[in-house]
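Naming follows writing order (A, B, C, D, E and F), and every chain is counted from residue 1.
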């Protein structure tokens, strides 16, 4: 059940069954020579949509632009300053809590979001903690690649060249979701370097084509399908546990 | 050409042809008994995607949550506070300008965004104006229903009950784009009341089911198709003029 | 009754009669070769002061600096960044609401304020809407030139060269209010050009002497007097309706 | 020469003679049983206007709402939160500096503004200091009652009951400027108490009619005239010294 | 009793005896050729620690970085922008008030903090005043050198060259507290110049070695000991009066 | 070499040798029945001070209040809202960079700081990345307990009851540094529970005495000495590598 495709009476009815919602959160940033700029938003959205269809939980529209300052050296990248991201998340959370949502599960597609999203959670809780009122809301951040079993599968499929950015796995997931956007590009070097980075200029100097440690030319829709299937199952299990025993999710048709 | 489905080298190549980009901007808010919560984001996205495919301009991912405070009385609505919206738009604009984009065309789906988006433009220009440096960027906001010829067509299709919120037209556009989400609901009263409003409580008191002046039970995918076709043509014409003579857009295959 | 010239016990007594207040809002910005920098603040203040004297409503001091970033290319212009304007308006509104004012009518003198002031209203309402408490306050923005009958009169007086900025009408209103500041300047060209604009540099390039589409050399105090008289009558009528039937305004002496 | 009543070419001509400007800064707040809510804005404006007329310096419109949180217990008071005041002052200063003004002299009418205005100056300088660029601007805050000779005169005129808030002097200055607004009110007690205060509730509890230590029933327009005359002379002298030897001010007519 | 060295049950027990706390507030900024960068934080901390040990009040950790923009021309200086200082103080105050503290006494070591700290107090009170709820908290700022008797003693010890920044007294206090950090430096000129300043560049131009009007080569630990002893006694007296008759402070050991 | 105890000429001389600085960053928050509220600030400060003395690098004063919203249920805790922490860190970093520091190593004592400090780094880099200028600064966050070899030693010393908050190790480190503050308290239960948490109320409900998974009654100064010795050695090694080969640190006599 997708929020964007639901009417408000349908959401009202859902809230009588469950106070939980899943929110994909990602980024618009370069993903190397053959990866899609939307990769980090598309991956959690693809996985969560299939899971929502199967398990019946409510799926919010993606928080589609995240913290990607270090990728700004590559055209197409869009970032929120972290302070803006924190402000925007306060508004998303407050809006949902206003309606009665209490269990907000953010499925994340971007490592660079982990710190600012965690910080945004603290900012939300801090308002309650400083007032001294108990906060009735639980906020959870989960990276899709850390869903139980997923990373092991990715390493099994890509024993070499999975990498850390523009990974073979994430590119595969987007190729599965958007097979019309598969791009065939030779990688030079075959496997990208690994290093640290600070700002966008430093990142581009260290990683000339944008990849970190990966060979995403191995990506295919079929491999993506296997990863999505595993992630979907794990997500349904995690979300069911997080939402709690009182929730009565209903699968769509 | 969709930014989210492009690689950075593809965006780099695009920038050699054009410094223009189209950004759908909408809202997540109730749209009456049978309208989708994502209506205002979906409509400009549907129209702009078809236009981008035909004309070859670059389409950004949608700015999908806008200023919808007055709809918070209905579950599912998500708003940004206007001040957050302004901050987020500074970041989107600054990111795109950083890469060389100069002509940013925002196709809007929500009346409640007009004031804050216009204000966000002023905030962006003000930074240049206060520094005393000429700003090389042009920002344009266009409501899809005000594209030349569109409103006349909507009134022709819906001579009665087009309305101001949860309009028959916008619901039709989303039904065309998402035929699996068509909802059949009886409207009571047939045509919703018309009035002013302030905050969410006042809005809900004035408009018990969320509609303003409309009868969206008339909406069908076919009617939406006609509206999208007209809007697409008008958008291509407007964007071509806005981007300027030097741009060389290339339609996708 | 002017707030700035009243004592607090007088305001307390007023609040027992009415919870309404009128707030002129304008700008400090260039108004062409013969227009006053304060034009946009002076106009609503002149009109509202006469109306307040006649009808007995309370008149706040003017919010005298607004959103004028695009005029910063001309010396003397002062702007608030839109985000500052929004913050300041929250404070003005909150202060007045704290005392029991509920009906706040902003009489505006500057087109560039419409978007940010409307946005500031949304920001105010959003705080209530997000908390889920009904907001007891009504905020209204009215441009003085859009008061019923005023624009028709302006066009009658100035059939040619009324224009869009540094208009013959607004300059006349200030000449009526400040006859000692009448300035005689030849206009070249007679009627200024019409175009769009972005930041201050773009504005100055498009409009070398600051005017848009106008010939304000036609302005005289007498013409201003006619406009003020019409605007005053319309304002009294509008304010009376806005404040509501329970208010008992008392004209001064 | 008043900025609000000047045209931009007049300001441009002024800037060729002087880079200095005087900005009255005040407050909208209760001033006891017979004092005007606008007292703190009106006083510096009255004094500075006479001085500007005589000495020919440029006078900005008043920054008319200041930091008055402690007076909010009395109807009619309007405050900016200090953080808003600081933001607004950055914009005023930046606008003026953009045009070439370098010597900004703020004539203050309100004790509660001293800390936040001084802080706003630090905020402005800090931007330069952190960038490591020399700031070409000088900002000065002067309380009108601390102009050389003024306080001695006030004490001479009001040996008893001058007080600290709603002083006999400041009320006299406004009565001189606005003789139509003279209010005759018996004071009980004759001289108001003296104490400290924190927020608005504490203030009102300590000072039931708003005065601190004063008996403003002694105020008359004539006494105000004497104070204004002394303050005007002192202000002209101070401003001339502050603007510097290169400035060539020209008195009006 | 130092907060940083206490356990929470000890603080809980303290709150049953007293709702008062002392918070040293200072700066990290250059203090001339032989003064310590931490001088303004160290001085109130040294004095307050001795007083807390003797009188048993609770001592918070120092707010150790303040408003020092004008000293940024000298390496080692760290500043908060005033707006950041105000935000940080809201959080410190809100945290302490959350636990039941009601009487917050800030012992200040830096003149440049007076305006922003006073402003931060207004910001805190303003939230209550705008809501219209009585604020139960009292905030007090005291400069250690203005504790009764202290300035007279400093002038007695240093009849010449006490100065305004990098004073002989404050350097002595830190030498008393940190005798291992005594630095012997010849001063040229013997007594530093006196002038005004704006930003960091202006400050450094006016005061080449950082001092204002002082000869801190006179500083010794012994002189510092005398000053600390006097300040300690005065502080205990002031704090006892400020905290009120109901508090039962207990000296350590 | 401690910044707070240095003069500016000493810092200037240091900058000729090295552009690196170490900044302890911690928190003021409850640490269970026998732990000090300052634990998280004291630990990195104790370790870094010994290392600075031995290796000669410059040590900043501690950033002594961090993100501790979840501990506000226990008296004595002070928190910054994360957004304030981010703002304050921009100022600290900008101040140090202004002087020529380029390698900023933050030694952290609090798990709850990791996300907001990492986010603050992104905020700093983002300003450069959005401007498109290469950032010359490297920012590093290291938790003291993750210095090479330290965690292994802690587990060796405390095979049972080391825990996650109010750990036996961190309490030992503070007891070593402040032996006068050793507190003997029986723990009930012997080992505290382990769970997740959200806001302050939830935290206190889950962890009634503040500890998570630990038995800090095992803490002694001697054990702390061993940990500090190991951490000091590891820190010197890490800092030397981070500062780079060109730096010439000089140990203090």
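Descriptive notes on the structure:
One rule holds in what follows: a residue touches a chain if its C-beta (ideal position, glycine included) is under 8 Å from a C-beta of that chain, and two chains touch if they have at least 3 such contacts.
Just so it is clear, the model here is predicted, and its values are computed rather than measured.
Counted by C-beta pairs in contact, the busier of B-C and C-D is C-D. Although subunit D and subunit E carry the same sequence, what matters here is overlap: shared residue numbers make up over half of all numbers found at their interface. Think of it this way: of A-E, C-E or C-D, only one pair shares over half of the E-F contact pairs by residue number, and it is C-D. The distance from the centre of subunit B to the centre of subunit F, each centre being the mean of the chain's C-alpha atoms, comes to 48 Å. The distance from the centre of subunit A to the centre of subunit B, each centre being the mean of the chain's C-alpha atoms, comes to 24 Å. Centroid to centroid, with C-alpha atoms defining each point, subunit A and subunit F lie 31 Å apart. Annotation for subunit E: residues touching 2 or more other chains are 72, 79, 81, 83, 87, 91, 95, 98, 129-130, 132. Taken chain by chain, the contacts fit none of the simple shapes, being neither an open path, a ring, a star, nor a full set of pairwise contacts. By the definition given earlier, chain contacts exist for A-B, A-C, A-E, A-F, B-C, B-D, B-F, C-D, C-E, D-E, D-F, E-F. Listed in rising order, the residues of subunit B touching subunit D in the complex are 129-132.
Those residues of subunit F whose C-beta lies close enough to touch subunit D in the complex are 91, 94-95, 98. By the touch criterion stated above, subunit A contacts subunit B in their complex at residues 2-12, 15, 28, 30-38, 41-42, 60-62, 64-65, 72, 74-81, 83-84, 87-88, 90-92, 95-96, 98-100, 178, 180-181, 183, 185, 210. Across the complex, subunit A meets subunit F through its residues 67, 69-70, 72-73, 79, 81-83, 86-87, 112, 114-116, 118-120, 122-123, 125-130, 132-135, 137-139, 198-202.
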